[in-house]
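Notes follow once the structure below has been shown.
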Amino acid sequence: MKIKELRSLVVLLVAFFMILPAGPAAAEKPIVIGAPLSTAFLYGWAAERGMKLAVDEINAKGGVKVKGAMRPFSVVVIDTRDLEPGVPVSDALLAVEKLILDKKADFIIGGPVRSEAALAAMPLLSKYKKVSILTTGVLTPAYHATVEKEYDKFKYCFRIHGEAKNLVGEIFANFDELKELYKFNNLFIISQDVSHARGAANLVKDIATKKGWNVTGLEIYPTGASDFSMGLLKAKNTQAEIINIWMDMPESAILLKQWYDLKIPALPFGSTLAAAEQPGFWKATDGKGEYTLCNVVNAGNAPSEATPWTMKFYNAYTQKWGVEPEGLGSSSSYMAVYVLKDAIERAGGLDSVKVVTELEKTDVMGVYGRLRFNPKSHQVIPATDPKEGAVGSILQWQAGKRVVVYPKSIATGSIQLPPWMKK
Amino acid sequence: MEILIYGTINSAALALYALGFAMVYGVSRLPNFAHGALFVLSGFMTWYFLNSLELNYFISIILTLIATGVIGALIYQFILIRIRGMEISEIMATYAMGLAILEGLRWGGFKGMTYTLPAFISGSVDVFGVSVDYQRLLVVVIGGAVVGLLWLFTHYTRMGLALRGMAQDERAALMLGIDSDRMALVAMAFGSSLAALAAICLLPLGNIVVEAGYNVLILAIAVCIVGGLGSWMGAVLAAFLIGFAQILTVVYLGAHFQMVVALLAIIVTLIIRPSGLFGRQKELEERV
Amino acid sequence: MTTEPILQVKDVTKAFGGIQALNGVSFDVYEGDILGIIGPNGSGKTTVVNCITGFIKKTAGKVFFRGKDISRKPPHKIADMGVTRTFQIMRPYYSLPAYKNLVIPLFSPRAKRTGGWRGGGKLGDRNTVGIDILEEIGFERDSFVPYKMASSLPTGYLKRLELARCLALKPDIIFCDEIFSGLSMSEISSMVPLIERLQMDGITLVMIEHRLRELFRVANRVMVLNFGEKLMEGTAQAVMADEAVKKAYFGSENVEELMGNANG
Amino acid sequence: MSVKTGQHRQERIDRGIRIRSDGIYALMSWRELSYLTVPRLALIVGMLVLPLVLPGMYWQRVVSIACIYALLAISFDFLAHFVGLVCLGGAFFVGTGGYLAAILNTSFGLPPLVTIPLASILGAALCTLLLLPCLPLRGVYFAIVSLMYPLFAMRVIEALNILGGTDGILGIDSFSSRWVEQYTVIGAVLLFLFGTRRLVNMDIGLVLRGVKDNDQAIRASGMNITRYKTLAVFIASAMGCMGGAILVHIYMWSGISQFALDFSILPIAATVIGGSGTLAGAVIGCLILVPISELLRDFGTLRIVFYAVILMGFIVFRSEGLLVYGQRKYHQFQRWTRL
């Protein structure tokens, strides 16, 4: 009995060893893109899908032209679990090394997804001289700040999606609009207890006060908190008209449900509100998510007419994966592959340093506007007009649909107020 | 007033989290680290019955309760029974089990933030001028009911008394011809069902996510420790202590001290009263 | 014995919750004494020892050793001063051979100072010292008993091992908690001379016993406890003669008879 | 032990050679000598040769990580089975050692080979100091408190935003070469492994074991338990801190995730698998578990499921632990006998 089961266990083990070599099937000398992603989380799988879509399209067209030869891309995704609680970052770093050393990845695109993990991976990348383009999750300004500080060391690191500061900018554009529309003046901030969220929240607070808003309170909830009634009631009692939410933890859905049930007369305005980015959000909150505003960082993650390419991408994605682009990471990862392709073709080879210089020269009309990197900090240049740079987009849930309300240049609707807020 | 009401609600929730864990440990000295996993699992189970099999909500709840109970029993029968008494092994095995369940769910596509259960009754009322949604009130009611029933069960039914006997002194119970394994089995089943119950009451407030498993486990353990491992009435009291403590911190200290306060509570409690606030007297001897 | 008492116990009191386990017990122990403490079950004999050796905190009362107040000292300090004890429930280090069991106490600061039992001055290799001690108290070396695993030793040897653990510290006083109980007649009769030898070596003993006959053979003074109170103190004969003791301890029965049973 | 039929039972008998090679008699012949020494040599040589035979840098890195876990596992096994303190706070040691190494390196510019031993000692001192109030606790209570420590440390650093907050400390030197790295970590493991094995068999080791088996008797022999516990914790945490310090230098980065639960759990799992109470078992356990989890990476999310199942399998079906099982087979043979 015992022994038999043990044997079956051993067999199982052996089976694993057998399977291992069977990695992704390789065509003639493909260019390997390593993608360290936390695939069990939205920001992870959204990026994975975006990337794979782009690669398929490119390979369908024959691949990347390198010195006359057409070489296909191949993606190797590794689950880093770095968004998981209780998993040390070193685990994610080991994954990155596996990509570089074991899977022989030529470039790293996507993650690591957690800010601190991404920062931790920088030394590794510079050690192995691997060009990497962050496409999801990481919003901390520290990232490109580090690149700028030690350019020669960290020049291999790029980021193609917006970062916290841009978000803040976009948010205020909206606040001001609301201000003049409805005479809003009281702002309440709720944030998750993670450094980037806290930092951003405080930033918002300062700027708001400068801009003459009356910040009636700042609540910081620990990750995993599951009751926000006190915070919401505070907001209500202080006559707040907007609640600015900085949370990417799943429990944020609870917050919005409570908001709806308690009929709090303040507009929930999410930033990195992962829960609300997803199309499934409506069902998840059985409709209680209506009127929620949230920022999906880059256009293309929600339907809009930012550029001719936007809807093309949007539909292709929806067709391939049977679900609309869900949130941060989809469009940026998609573009990252194209940007890299061009850079390689211009560099005429895979040499990291050459590719870096070519990436710095990048200037294309992408899914979410004109993509250029700041040559010093390797951060994509933001703008409110897709013709100028990478645009973000802010959407509001209206009758079960994600309606883009900002920037005006690509908006498909305008902000609505819940009935109990109508004066 | 708000503090009072939401404190009670929060406490009731914590109590629901903890009861299952406390029960299992109390009876069979088994630290069931798969508790959180069972919590999440039963959540998804109900969701599945409800949306994929399109069963009636009530039926699916009953089914879930039973199914989870059975799973708990199976875990005991096929895994734990072999390593009974080897504490570290028990912890590791249950922990691994929990991990397997959670990650398995995730692999099975139950990821993201789009799963949820409908509230029993939606809408909200004003209680003493504080608006509370029905679901939360329900949580309190059910929490109270569960505690009450548990008390009756353990004081007035044969099996309940047997369980308590086990909890008091396993040897003596054995001498009185109480089959310790069978009781532990029952306890596991009950504990699991309690976890499921908690899930069903609390999940409609938010959404079903795998990550919740870990938080639930930590909270449950925290409550049980402060309440004194093994005494489930102690756990209930502790739930109220921590529950109000948290709300008060939110109100007066700011929410991000919630967790710090909770952890601090545990460490301090243990250093001052090793057997927990309501632990049995003799366990004070644990201190050298 | 007219000399200054080596150990003075001044109305020690101990209450567990509501129960009064000891109620103002006080007595003196003189150098070279063998004091017997007897009393019915639950009369607080072991509690006295625990209080004196500091293993439980006393509710009230004082204990002086060679004039120094040791009432509030932790057990290891007290033991370090030379007031040692055996345990009623023997828990040797089962996973170790007998002589290794002694290496542990021989490692203690006091043993380092005193050099252990008869070792005099500096301590040699702890293993050999340990074996010497064991041999002294009747572990036959040539039949390899000291090398046997503690788990495989019979009760008689375990009791001696308990004693040896105290001897390793070169103690001034040993509190023997029922070292006769559970032993066969022959074992006891081989134990008695050992006790007497310890006395000759100038070690003061306080013996808690149920086996009155053997106790009375060695003890030169006996104290009787009853319900946590000191009933009387005196020579064996005096104790046996005393009416109150008879009532409390032996009920109405005849003393000799009962002692007969006790031995049978 | 399964029983074949009513009147049969299985009995275990020591192999003759075991008896012959017991104690001084081992010197009688080469055969006896080798019987004793081969297993130890196998381990040492095996670990020393490992880096040379591995396919590529990546697997060497895996070995380094495994060794770091091994250090933690040894420290856990030592505390749990030779002192009776079940310490679930391995992560706390890692974090402390890691941060100290990071600070020493970035602020004082000391080279890795200096910071590692320094961080281990300072860290050990710090951990011991912080754990001092809980030393009187016993059994499950100490376990839980120690489990809380790393979580607490994490929250504190996060809430107060010190030591680089959630971003952690960047720009730490790495080892001069991967060989230095490999052999530092392997050396550390072997050193601590045989060091502790020696220690627990020395007189003071016996005292520590005494603290575990019967602390009353220890006190009755005039020894202060807390003192010895403190000593033990110091030794154990030194190992943990060294692990953390090495980790930091491998990844040139230090952050709060070094207090992550995995650093507390995995070593324990490894110990259980390898065989509790046999320090070598802990090491072997790590050398099995960590590579398995790496091999499973190709299964994406499913990886952890397999991992957990394997772990459970080991625990349930080899609850005594591989090494104990191995030792038994090595020293004894089984046979059926009539009752």
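Here the chain labels run A, B, C and D in written order, and each chain numbers its own residues starting at 1.
To be clear about the criterion, contacts are C-beta pairs under 8 Å (C-beta built on N, C-alpha and C of every residue); 3 or more make two chains touch, one makes a residue touch a chain.
Note that the structure is a prediction, hence the values are computed from the model and not measured.
Participant: Which chain maximises the distance between its CA centroid and that of chain C?
Facilitator: Chain centre farthest from chain C's centre: A.
Participant: Please report how many Å separate the Cα centroid of chain A from that of chain D, as a whole number.
Facilitator: Distance between chain centres, rounded to whole Å: 39 Å.
Participant: Could you state the distance in Å from the CA-based centre of chain A to that of chain B?
Facilitator: Their C-alpha centroids are separated by 35 Å.
Participant: Need the CA-centroid distance for the pair chain A / chain C, whole Å please.
Facilitator: Using C-alpha averages as centres, the distance is 75 Å.
Participant: Based only on mean CA positions, could you tell me how far chain C sits from chain D in angstrom?
Facilitator: Measuring from centre to centre gives 42 Å for this pair.
Participant: At which residue positions does chain C touch at least two other chains?
Facilitator: Where chain C is concerned, no single residue meets two or more other chains.
Participant: Using the touch definition from the top, which residues of chain A touch two or more other chains?
Facilitator: 40, 85-86, 193
Participant: At which residue positions does chain D touch at least two other chains?
Facilitator: 159, 225, 300-301, 303-304, 317
Participant: Hey, which chains are touching each other here?
Facilitator: Inter-chain contacts occur between A-B, A-D, B-D, C-D.
Participant: Over in the complex, which chain D residues touch chain C? Could you list them?
Facilitator: 203-204, 206-207, 209-210, 213-214, 216-225
Participant: Quick one: which bits of chain A touch chain D in the complex? Just the residue numbers, please.
Facilitator: Interface residues on the chain A side: 1-2, 5-6, 9, 12-13, 16-17, 19-20, 23, 39-40, 77-79, 81, 85-91, 93-95, 97-98, 101-102, 115-117, 119-120, 122-124, 127, 140, 142, 146, 150, 193-196.
Participant: Spell out the part of chain B that touches chain D in their complex, as residue ranges.
Facilitator: Chain B reaches chain D through residues 31, 79, 82-83, 86-89, 91-93, 95-97, 99-100, 103-104, 106-107, 221, 225, 229, 256-257, 259-260, 263-264, 266-267, 270-271, 274-275, 286-288.
Participant: For chain B, which residues are in contact with chain A within the complex?
Facilitator: Contacts found on chain B: 2-3, 6, 9-10, 13, 106, 111-116, 118, 122-124, 130-133, 135-136, 202, 205-207, 209-212, 214-215, 247, 250-251, 254-256, 258-259.
Participant: If we count contacts the way the header does, which residues on chain C are in touch with chain D in the complex?
Facilitator: It is residues 53, 55, 74-80, 84-85, 87, 91-96, 100, 103-111, 126, 165-166, 168-169 of chain C that touch chain D.
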